[in-house]
Amino acid sequence: MTAERPAKLMSMAQAVRRFVHDGDCVAIEGFTHLIGFAAGHEIIRQKRRDLTLCRLTPDVIYDQMIAAGCARKLVFSWAGNPGAGSLYAFRRAVEQDQPAPLELEEYTHFGLVARYAAGAARLPFMPLRGFAGSDLVAVNPEIRTMRCPFTGEELAAVSALQPDVTFISAQRAALDGSAQVWGLVGVQREAAFAAKHVVVVVEEIVDEAVIRSDPNRTLIPGFVVSAIVHEPWGCHPSFAQGYYDRDNDFYVGWGEISRDRQRLESYLDEWVHGVSGRAEYVERLGGDLERLRCAPAFAAPVSYGAE
Amino acid sequence: MTAERPAKLMSMAQAVRRFVHDGDCVAIEGFTHLIGFAAGHEIIRQKRRDLTLCRLTPDVIYDQMIAAGCARKLVFSWAGNPGAGSLYAFRRAVEQDQPAPLELEEYTHFGLVARYAAGAARLPFMPLRGFAGSDLVAVNPEIRTMRCPFTGEELAAVSALQPDVTFISAQRAALDGSAQVWGLVGVQREAAFAAKHVVVVVEEIVDEAVIRSDPNRTLIPGFVVSAIVHEPWGCHPSFAQGYYDRDNDFYVGWGEISRDRQRLESYLDEWVHGVSGRAEYVERLGGDLERLRCAPAFAAPVSYGAE
Amino acid sequence: MNPMAHDQRSPDYTRRELMACQAARQLTDGEVVFVGIGLPNLACNLARRRHAPGLVLIYESGAVGSVPQRPPVSIGDPQLVRGALSVCSMAEVFYSYLHGGRIDVGFLQGAQIDRYGNLNTTVIGDYAQPTVRLPGSGGACEIALHARRVVVIAPQSRRSFPERVDFVTSPGHTPEGGDRSGAGAGPVAVITDLACYGFDRGEMILTSLHPGVTLEEVRDNIGWEVRQAPEVGATEAPAAEELRLLREELDPEGLFL
Amino acid sequence: MNPMAHDQRSPDYTRRELMACQAARQLTDGEVVFVGIGLPNLACNLARRRHAPGLVLIYESGAVGSVPQRPPVSIGDPQLVRGALSVCSMAEVFYSYLHGGRIDVGFLQGAQIDRYGNLNTTVIGDYAQPTVRLPGSGGACEIALHARRVVVIAPQSRRSFPERVDFVTSPGHTPEGGDRSGAGAGPVAVITDLACYGFDRGEMILTSLHPGVTLEEVRDNIGWEVRQAPEVGATEAPAAEELRLLREELDPEGLFL
């Protein structure tokens, strides 16, 4: 059934070459879970420039991309190293224009979630009761106000965000691109539907019958997906629920690395430019990753019933 | 942990007595799946009057409630007997004011979905590109237009729908009210979050550990739920995915019953007023229900991982 | 459930079988179709088996990528869920798929369709005091607004093809000089039990006659002086393999044929 | 991860332990709490173990009804998902829970808090050319707008408690005569390492001093002439059982204490 359709399975290098261009608006989403480090590294390796990077929480991966000079602008709502302090490359860019100035378009989480939701629905805006009394309104003209056509109440409004390409990570997908996620889903569905192209990066490729055995679990069906990349451990040092846990030591250690521009560059040289891709990255980490692997803990079964 | 909280488990008679009052706005949701027939029958038995009934697809259950004189007004988007023709009690009410006039507030599916979505979010309205060119706008002043604060484009807007009580049916729930649904979910989540009170009607009560083993499957957590009713076969002649299939013979047969007011009243006398509740209804149907029971067909397992 | 008997002039197939085959031909492999129950469902599954194996079927109930093994009797049939690619909420169906521009083709049916392709599924007569109260829009109005192509399937009669519908449930084409901003592009095709129609400058025009149907018969069963396409052809008859699939595999119980 | 050593004047507990206990006392059984990482999380879990077994913990990451067995190191910690009642999208977290009025208590932290309870987590200095760029709002601004009660937990210093914050990330109280329609009700309590504060006519007032802390010490560590409540009491010291739970069960590795 899928035989005649164009093959979507490609390497990360192919996916980035094809779907990420200088100047593009790029979202690598996954809120604190399933963060696409492998995708970000490949974008650094391919030296993409002038990107508008969108993400609720820029996290360590965007800190690396900013340091590597990929970003012209950041659309975000919380830029820190979760549970571990600052993103120093981000701070250097904002505080000292190092290595280059970084334009900021800043929202609250709710505001940016609403932008993705509008984008996914191709609605030109979404209303919310938000931002009231915050100085964010003064520094971001894209946060507007409007009146409810029923109550006359003043509400905030944000515009649709529609990235050129969104990368989302998922635990498993079929070759058609239909992907299933469990655990925290963040804004992955909205960010994917909002984008012109979607690249799905998965821990595991499964038979379409696995996906079809549990259709409620599907985050995104294949026909909305442009490319699928099979990249085990593709989220490390972030995590994939049920597959491997978050590498907290890495997150904590990142503060020391990113605080020092030299050390950060050495890190990129060794772990990004110095490897051909995620497979080599994983190979080089070797047994160290085993401490992160989860023991199985299965969900209670459900039956869809047969006639 | 749940011991000190007020007990939410009650009989359908108790739930209706407590949460449905004359003049209330009531939604029994479940789009073509998990339709709350047991709830509707109890409302008929308790002779509630002047209700505003909300539902995308009034279906056979609202046809029965209209015939029984419960409804003053209907908020809806498609009033037919799915796959089987007309709802004649509804038609008699609209075409001949029999047994009483029925006020209509009519939307499209999309419009009514948007009303529930606004209600769930306590947003006063939701925008959509809808209704344009349709005569519905002329007959329903609650469908308004507005301008996008970004593009200036004219959009339709609908107001929040917030029922006094929403009944939703689910396959399983824990005693705290946390309910899981698979198969078609329709607008059940939105209709539940939109309501002042939520009554969850389930095929099966399970240990909270079952729910907690698969949190992504949860449609609604217990603290949003006012009452939980354990009512096996509570959706017949509708269906519960994985438990029992739709009773198509009943749906097809309903046309003949509802076309004739006498026959419809005999039906209500025998199957609604003539039984004390769903348990007796099921007992009276007896072995006839067995043909609807599904064989198991399990979803592929997923692991949430253990440390 | 089988209102039309075998066509007397064409003992080989019924007109409903022809309609299903003709509707299937509107579909291209890989397209995403918003499907209704009955003939549209048969047409989609026929296309999947014949020339469009990658067709994606979406039902307004939230089933995406369904692979029905028998014709569903309702859009809430449990077998639309079993084996589907995805099941989602109706908010997602309407906002992410339909509004989001992800639907290539939408099939609509209607009690009345008029000269401009407006469809009525709401009332016969006046809205406040209708002669016949019909079900209403359901998903139809916004399918008409947002699907890239809309195809209408409807049995034809003078009563069901009036010059103007009693109530516009789902807007068709905007007549020249008219202004209906935000309305959809209007249907691209209408398939009846007698003929096929397209649209020219917003107006329905006859494009082909079904085998054995005369122009006079078409005119007797339409409520206005219908214009004809420059060349009115003959609708292609069902192929033997199409009929075999329809009868033996897709609707063996004859629920919709 | 353990910036504060044991309090020299109170060898029995640290000021952070006191803060966690005091925050826990703000919570009532059955309430729904929007939780942050660190002290708020410890406070919620302490309350769950002590007097509020039915407390529902919601994290902005989408975990609802979490039962963390150890302190999560991030709001995306996998163990917030394992055993949770529900996991939902962030659109649902913000629209259905927060905007929907389902949150009783929200905990906020901040680099700066001012006389009116405005919180700054955005920049020190000017927005366009900041001295220190902080993470930004995240969920905080709308927690301030929509949670029924907001409780702030923050270590106190003259620098972090200025009369006016450099940037209002999350709005506090509207000063008398001010107009900020749509803004929230403002925090009900501020818990620092020195004292507890409430609000009177929109302005932060001292309500209790922690054991061993002098009024002078408080005044030295706040950027305006702070008013006092009619009766300034002594903050209740942690009970032995609270300390045991915090140290032995809730944060045995001392990540946040």
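Residue numbering begins at 1 within each chain, and the chains themselves are lettered A, B, C and D in the order written.
The rule we apply is simple: a residue touches a chain if its C-beta (ideal position, glycine included) is under 8 Å from a C-beta of that chain, and two chains touch if they have at least 3 such contacts.
Predicted model only: the values in this text are computed from it and were never measured.
Chemist: Considering only mean CA positions as chain centres, point out the chain farthest from chain B.
Modeler: So the chain farthest away from chain B turns out to be D.
Chemist: Please tell me whether A-C or A-D has the greater number of C-beta pairs in contact.
Modeler: Between A-C and A-D, the larger count of C-beta pairs in contact belongs to A-D.
Chemist: Could you please state the distance in Å, as a whole number, between where the Cα atoms of chain B are centred and where those of chain D are centred?
Modeler: 40
Chemist: So what's the Cα centroid distance for chain C and chain D, whole Å?
Modeler: The separation of the two C-alpha centroids amounts to 59 Å.
Chemist: In whole angstrom, how far does the Cα centroid of chain A sit from the Cα centroid of chain D?
Modeler: 29
Chemist: Would you please write down the residue numbers of chain B that are in contact with two or more other chains?
Modeler: Residues 123, 128-129, 155, 182-183, 185, 189, 213, 216, 241, 245, 294, 297, 304-307 of chain B touch two or more partner chains.
Chemist: Would you mind listing the residues of chain C that make contact with two or more other chains?
Modeler: 63, 78, 81-82, 87, 95, 99
Chemist: Could you tell me which shape the graph of touching chains takes: line, ring, star, complete or other?
Modeler: Shape of the chain contacts: other, as it matches none of the listed patterns.
Chemist: Strictly by the criterion at the top, what is the full list of touching chain pairs?
Modeler: Those chain pairs satisfying the definition are A-B, A-C, A-D, B-C, B-D.
Chemist: Tell me, which parts of chain C touch chain B in their complex?
Modeler: Against chain B, the touching part of chain C is residues 37, 60-63, 72-78, 81-82, 87-91, 94-95, 98-99, 122, 127-128, 130-142, 144-146, 167-171, 174, 180-184.
Chemist: Taking the touch rule as given, give the residues of chain D at its contact with chain B in the complex, in rising order.
Modeler: So the residues of chain D in touch with chain B come to 29-30, 32, 53-54, 56, 63-65, 67, 78-79, 81-88, 95-96, 99-102.
Chemist: Across the complex, what residues on chain A touch chain D?
Modeler: 31-33, 56-57, 76-80, 82-84, 90-91, 94-95, 106-110, 113-114, 116-117, 128-136, 139, 154-156, 182-187, 189-190, 238-239, 241, 245-246, 248, 251, 294, 297
Chemist: Could you list, by residue number, the parts of chain B that touch chain A in their complex?
Modeler: Per the stated touch rule, the residues are 123-129, 144-146, 148-151, 153, 155, 157, 159, 171, 180, 182-183, 185, 206, 210, 213-214, 216-217, 241-245, 294-307.
Chemist: Can you list the chain A residues touching chain C in their complex?
Modeler: Within the complex, chain A contacts chain C at residues 1-5, 120-123, 176, 178, 189, 193, 208, 211-213, 215-216, 218, 220-224, 304-307.
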